[in-house]
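Below is one structure, written out as C-alpha cells; the observations come after it.
The first chain written gets the first letter, and so on, giving A, B, C and D; residue counts start at 1 in each chain.
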Amino acid sequence: MPVDLHHPVRATLDAVLDAARPDTSGEVASYIPELADVEPERLGIALVSTRGDVHDAGDSDVAFTIQSVSKPFVFALALDALGVDEVTKHVGLEPSGEPFNAISLEAASGRPLNPMINAGAIVTTSLIAGDTVEDKFGVIRSGLERFAGRDLLVDEDVFSSEARTGDRNRALAYLTKSAGTLAADVEVATTAYFRQCSLSVTARDLAIMAATLATGGVNPVSGERVISEDAARWTTAVMTSCGMYDESGHWMVHVGLPAKSGVGGGIVAVQPGQFGIGTFSPRLDARGNSVRGVAMLERLSAQYGLHMLAHRGDALSAIGSLTTSDGETVAMLRGEIYFAAAEEVLTRLAPLVSDDGCLVLDFSGVTRVGSAVRQLFHALPSAVGARPDGSPRVVVLDPDGVLG
Amino acid sequence: MPVDLHHPVRATLDAVLDAARPDTSGEVASYIPELADVEPERLGIALVSTRGDVHDAGDSDVAFTIQSVSKPFVFALALDALGVDEVTKHVGLEPSGEPFNAISLEAASGRPLNPMINAGAIVTTSLIAGDTVEDKFGVIRSGLERFAGRDLLVDEDVFSSEARTGDRNRALAYLTKSAGTLAADVEVATTAYFRQCSLSVTARDLAIMAATLATGGVNPVSGERVISEDAARWTTAVMTSCGMYDESGHWMVHVGLPAKSGVGGGIVAVQPGQFGIGTFSPRLDARGNSVRGVAMLERLSAQYGLHMLAHRGDALSAIGSLTTSDGETVAMLRGEIYFAAAEEVLTRLAPLVSDDGCLVLDFSGVTRVGSAVRQLFHALPSAVGARPDGSPRVVVLDPDGVLG
Amino acid sequence: MPVDLHHPVRATLDAVLDAARPDTSGEVASYIPELADVEPERLGIALVSTRGDVHDAGDSDVAFTIQSVSKPFVFALALDALGVDEVTKHVGLEPSGEPFNAISLEAASGRPLNPMINAGAIVTTSLIAGDTVEDKFGVIRSGLERFAGRDLLVDEDVFSSEARTGDRNRALAYLTKSAGTLAADVEVATTAYFRQCSLSVTARDLAIMAATLATGGVNPVSGERVISEDAARWTTAVMTSCGMYDESGHWMVHVGLPAKSGVGGGIVAVQPGQFGIGTFSPRLDARGNSVRGVAMLERLSAQYGLHMLAHRGDALSAIGSLTTSDGETVAMLRGEIYFAAAEEVLTRLAPLVSDDGCLVLDFSGVTRVGSAVRQLFHALPSAVGARPDGSPRVVVLDPDGVLG
Amino acid sequence: MPVDLHHPVRATLDAVLDAARPDTSGEVASYIPELADVEPERLGIALVSTRGDVHDAGDSDVAFTIQSVSKPFVFALALDALGVDEVTKHVGLEPSGEPFNAISLEAASGRPLNPMINAGAIVTTSLIAGDTVEDKFGVIRSGLERFAGRDLLVDEDVFSSEARTGDRNRALAYLTKSAGTLAADVEVATTAYFRQCSLSVTARDLAIMAATLATGGVNPVSGERVISEDAARWTTAVMTSCGMYDESGHWMVHVGLPAKSGVGGGIVAVQPGQFGIGTFSPRLDARGNSVRGVAMLERLSAQYGLHMLAHRGDALSAIGSLTTSDGETVAMLRGEIYFAAAEEVLTRLAPLVSDDGCLVLDFSGVTRVGSAVRQLFHALPSAVGARPDGSPRVVVLDPDGVLG
C-alpha cells in the first residue's frame, strides 16, 4: 500500500506561498477598470522541470492576462523565425536603466533599447509574420499556445480597454515607425500587441512556457519543439539583463533567475536546463512587479539555492575508476561532462596515450555530455592515431549514446 | 612510450588565437604615454578550469596593467568583507547603459549606478579597509595576489601618469563624497584606485583570477579560499549585467560569459562552475574593449559552445536502474543531481514508497549533488517515517559522501 | 522737383543682403521632395516698423511654406483666446536645450517643454477652437491672415507630403494625448498642424506678422488689432528664451531679437516697440536654421545696433527747463517717459512742492509716457493736496493726451 | 515751506513689501549652519534708476552673503577682460533646463552649459586674472566693489563652511579641468569661488550692481565705468535666458526682467536702460529662489508694468511740427528716436527733399537718439547732396548734441 508522500517540491512551494501570503502591500493595476477588478488576494505558483513534471500550489489555475510576460515569448518567436541578426536590426539588446514605458530610442539606429520595454515589444510584434491583425495575432497566439501546451483565449474586455487607452503605446509605435524600425502598420502592430497582452493564462501556463525556454525550446510537457535552441538561448540572455526593467541588476544579484513580470500580476522565471516557474499575485510594487511574486522568487532563490550562478558544490572526479590489465587501460567515466570535466579527463588521461597499449574511455556511467565538448571526444581516436601495429591507441565506448 | 598528444583545449586556444591574429583594427590606449608604448601585436590567452589545470597560448605571460579588470575583484573583496547589504548602501547594481566614465549617480541615493563604471569602482575602493593609501592598497594588492596566486607589482610609470591626469576620476570621487557615498578621503580613494589599476598582470593571471570566481571563491591552482561563495556569486552576477558597459546586453546574447575588460588590453571571462579565461591584446575598439580579446571570446563561445546559457544537451534519466527483489527496491542514481534531477527522482520514486518494502536510493554512481537539493534527500527517510514493523521505508546509500 | 532719395533703411537691407549672398553653405530641407525642389539661391528680407512702413529687398515676395515660423503666431492666438494660465496647463514655457523634434515631456505635468518644439506646437494647435480639421484650421488660417494682412494659401503638395511622412509628429501627439495635455483628437490636431505648416508666405508677410507682435498685437499696416497686448508680450517672451531651439542662449547674446525659424527657409525676428523682420533663404544649417537668414540678422544686430538689450545712449534730462515766476514753477518735460525718466522727474521736483506756490508739469513736449508710469502722474495732484488757500500744489498740463 | 511728499516710487516699494510680508512659506538654506542662522523674517528691497537715484524699503541695509548672485557680475568681469569669443571657449550660453548644481557638460566641447550654473560659474572664476587665490579673488572683489560702489567684506564663517563642504563644487571643477575648460588650478578656482560667494552685500548693494548693468556698464551712483557696454549687454542677455535656472522661461513670461538669485536670499533684476533692483528675504522655495523676493518682483512687474517686453504705449509722431516758409521746410523733431522713429522721420520726409528748397531737421526737442541710428542722420546731408546752386538740400540742427 503506497504511502501518501507529500512531495518535497510541492512542500517547498507550499512553504514559499505561506511565507508570502501575509504581505498585503502594493496595489492592483488600475489604469484600466478591467485590471482593477481582479481579486487582490489571489496567490499561486507553479514549477515545471525540464523533464516535464508539474508542481503547483495555491491559485495556480486562476486565469489572468499575460500582459508584459508575453514579451519574451513573442521575442522568441521572432528570433526563431528571423534569427538574431535580422531581429536586432529593429530592436536592441541593451538594458536601459529605464522603466517599462521608456521612450528613448538608440540615437544612431532608431532602435528601441531592448525588447522588454514597450517600444521594443511593439517592434517585436511588428516583426511577426502577417500583414493584418488577424494574421499576425494568429501566429502569435498559436506560438504562445505551443509554449503553454493548450489553447489560450483573449480577454476581450481587457483588450477593448487596452486598445481604447493605449495612446502612449501608439506614440511609441509611431516613433519607431518614423525611425524606420517598425516593421508593420502602426494600427496593425499595436492592435496585435494589445491582443497579445490580453491573452488569458494561469501560473501553471507560465511555468510550462518558462520550462520550454529552460529546455532549449522544447515544451517538456507536450514534447513539442516550439523554438530553436538558439532562439531559447538568445531570449533567456535578454531576460537576464533586461527582464526586470531598472531592477535587472538587483534581480540578477539577489534572485539570479532570468525573469519577466507583467502588470496582470504574473511573473515567469527560468533556470536554464533545470526548470521554469510561474507565479501569480495581482498587487504590484511601484515598479509594476507583483509584490508577492517577487517575494516568492527571492525566497526560492535564497533558501533553496536556485540562483543560476550559485556554486553547485564540488564534483567528484569525472574519472570514476582507472584500471589497467593486459596493456589495456579502462577509464570509467561518470557524471555529467561539460567543459571542466572534459578538460579534466583529457588532461589526466593524455599521458596515458601511448604505443604500448590501448586507452578505453567508457561512457556507460555518464548521464550527459555537453554538446560543445562532444567533438573533443569524437575527434580523439583519429587525432591520436593508431599504434604501429594498426590497433587504436584510444577506444571510446558509449553504449547509451551520450556522445550523440 | 607516451605519444605527444596536442591537448584539445590547447589546440582550441591556438585555433582561436590564429583566427584573431590578422585583425589589426583598433587603437592602443593613448590617454597616457605609458599605455601608448605597448607593443600592439601582443596576443595571448589562458584558460583555467575549476579543477586547476592551466592552458594557454600566445603571449599569455606578457605583463600589462590590469586597469578596469581590477574592478570586479576589488568589488569581490569588498563584498567578502562587508556583505552585499552594506556595499550596496554605497554603490548600485544596475546596468547603466552608459560608458565607463559616466557621471550620473542615482537621484535618490547618490550611489554610482554600479561598481563597473569608474565612479562605482572608486567608491568600491573606498570601502576597502584602511585609512591611508598604503593600508588600503595593501589590502587590495594582497587580495588580488591571492586571486592570482602570485605576487603582483605596480607599474610605477603608469601609476604616476594615471595620478597626474586623473582629474575626471577625482571629479567622480568628489561627486560621490558630496553625495555621501564615498567611504574615504578623496585623495586616498583615488590614489589607491590609481595604484590598483596600475598593477601588472598577465593573461594567465587573469585566467586564474577568473577561475577563482568560477569555483565560488577558491583559487583552483593554489587551493586557497580567497572570498566566500556569496561574494563570488554576487560579483559574477554584477559582471553578467554590467561587465561590458553599454555592450552588456549584446555580450550576454552573443558571448554569454560574465566578463570585464580593461584599457590595458586585458579581458577576463568566467563560466561559473567550469572555467576562467584571460585574454590580452592591446588594440581597443571605440568602447575601450580589446578588439582581438572580444573576437577570441566570441569565437570560443560560438564555436565551442561556451555560452553560459547554452543548452547542454538532454540528460539520461538520473535513475540508472531500478531493481526489486525480496521487497527491497534499489534505485541506482547517477550523474549530477541538481534541482531537475532531484525532482525527477522524487517524482518517479514517490509512488514506490510503501509499507510493503524498503526503497533504497543508491548514490554511489552520482558525482555531484547540488547543495540546494541535498536537504531534500537528507530529510526523506524521517519524512516518510518507518513501516509498521519499525523498519525504514527509505534508505539512502552515499558511499562517496556526495550528499555532504 | 523731388530728389530720388535711396532710403537709408532700404540701403541697409540691400547691404545686408549683398553681404549674405555669397554664402552657399547649408542644404535645402529634403525630408519631403516638395521642399527639396525650392530654388536654393532665393534670398529676401523685409522690415516693417511699428508705424507700418514696409521696407524690403531681394526676393521678399517669393512664396515658401511657413513651417515652424507658424508656431509663435498660433501660440499667440491660443494665448489670446484662453489666457496664459489655461494654455500653460497644456504646454510649458521652459527652454529645453533640445532640438526641435525633442520628445521629452515634463515628468510631473506631462506637458511639452515649450510651444516652439514640435510636441508643444501640436498641443498649441489642439487648443485652438474647433472640433474638426476644417474648423480648427479655419480659425488658425484666419488668425494668421490677420497677422499678415492678406489671404494665405495652403501649399497642398507640401501638406500631402507632410501628412504622409509625419509619423514622428503623430508619435508626439499620441504621447501628449496619453499624458493628458493634448486638447483634441490626434488626427485632427496633427492634420491641422500639417496644414498650418504648409501655409504659403513671403518674407514681407513674415515681417508684417512680426511687426504685429512688436506693436503689442496691432497689425501696423492694416491697423487691425489681432491679439491682446498680453498675448503679444507672452509670445515674445517665449520666443526670447525658446525661439532658436538649442541655440537660444547664443542667439540672445549675439543677435538679441526674439525670433523663430522654419525649415522652409524663413525666419521672423521682433524688436518690441520698434519693428519686425522677415527673412527668406532656403539653405539650412545643421540645426535647421536658414544659413543666410541667420547671417543677415546677425549683421543687422551687430552693425546696426538692433540688439534688444543694446544700450541706447544716454538721455538728456526729462526736464527740459524749469522756470519760476510769480510763485509758479513750470517744468517743461520732454522726450519719452518710462520708469527711469518718471523717477527722475518725481525725485527732482518733489522738493519743489510747497505751500508757497504751484508746480506745473507741462507734458506738451513729451511724445510718450509708459502706460505703467502714467498712474504716478495722474495720482500726484490729489496725493499732494491743495494749498491752505485751496489752490492746487501741483498742476499737470497734457495738451496731447500722452497721459492717456 | 516744502511739503513732505511720500515719493511714489518709495510708496510702490512699500506696497510691494507689505504685500509680500505675510508669506512665511519656504525654508532658509541650511546646507551649512552659518546660513541657517539668518533671521528668516528679514525683508528688504531697493531700486536704483539709471540716473542714480536710490529708493529702498525694509531691510535694505541688512547684510547677507551674495552667493550665486555673484555669478553674472564675475561673468561680466571676465567678458570685459577677455571678450565673449574667448570666454565662450570655456563656458556655453545655453539654458540648461537643469538645476543649479547640474553636472552635464556639452558633449563636444566639454563646456559647462552656461555661467549661471555652478560648473559654469567656477569656470568663469578660473578665467579671472591671477594665479593664486589672493590674486584672483583680489580682482573679483575689487570688481564687485566697483559694481556696488563700496568696499565689500568676506563673511569668513560662511567661507570656511563653504570650503569645508564644497565637495560637489570641487567635483564640478575637476570635471571641467579634465574636459580642458577650467583655466586655473582646481583648488585656486574653487577657493576663489567660495570666497566670491561669501561676500557680504545688502539689497541696496545689489540694486546698484544691477543698475550698473542697466546703464550699460557705468555705476550710476559713483559714475565710474565698471565694464564695457558690450560686456553689460552680453551679461544681461545670459541672465535673460539662464538666470533663473529651470524657471527661466516662466520668469521671462511672467516677470520679464533679467535676474539672478542666490541661496543667501538675494535676487537682482535689471531692466536695461531703466533701473536695477535688489531684494532680500532668506526663505527659499524648492528651486532655491527667495520666496518673497520672487513675489515682490512678480508684483512689481504685473502691477507696475515693469516687464521688459511690455508694450510701452503708442508714441506721438517723432515729427512735432512741419512748417514751410521761403522755400525752407523746418521739421521739429521730438522725443526719443530709436529705429522706429528714425525710420518714420526718414520715410515721411524723404519726399520733401528737393532742389526747390532746404529741409531742416531740428533735433532741439529730442532727448535721445539711439546710437545705432545716429549714423543715418549724420550721413544724410552728404548723401542727398547739394542743390544746383550749391546750397544744401538738408540741414541738421542739433543744439544739445543728441546725435553724438
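Rule of thumb we're sticking to: a residue touches a chain if its C-beta (ideal position, glycine included) is under 8 Å from a C-beta of that chain, and two chains touch if they have at least 3 such contacts.
According to UniProt, the chain labels map to these proteins: A, B, C, D = Glutaminase.
Treat the numbers as computed from the prediction; the structure is a model and nothing was measured.
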item: Both-way neighbours, i.e. chains that touch chain B (Glutaminase) and touch chain A (Glutaminase); value: none
item: Whole-Å gap between the CA centroids of chain A (Glutaminase) and chain C (Glutaminase); value: 60
item: Geometric centre distance via CA averages, chain D (Glutaminase)-chain C (Glutaminase), whole Å; value: 22
item: Distance between chain centroids, defined by C-alpha means - chain B (Glutaminase), chain C (Glutaminase) (Å); value: 64
item: Shared interface positions of chain A (Glutaminase), touching two or more other chains; value: none
item: Chain contact topology (line, ring, star, complete or other); value: ring
item: Contacting chain pairs - touch in the sense defined above; value: A-B, A-C, B-D, C-D
item: Of all residues in chain C (Glutaminase), those that touch chain A (Glutaminase) in their complex; value: 103-104, 167-168, 170-175, 177-179, 186
item: Contacting residues of chain B (Glutaminase) [partner chain A (Glutaminase), same complex]; value: 1-3, 5-9, 49-51, 53, 55, 84, 92-98, 113-114, 215-217, 229, 232-234, 236-238, 240-242, 246-250, 252-254, 256, 258, 271-275, 304-307, 309-318, 320, 334-336, 338-340, 343-344, 346-347, 350-356, 365-373, 376, 379-380, 383-385, 393, 400, 402, 404
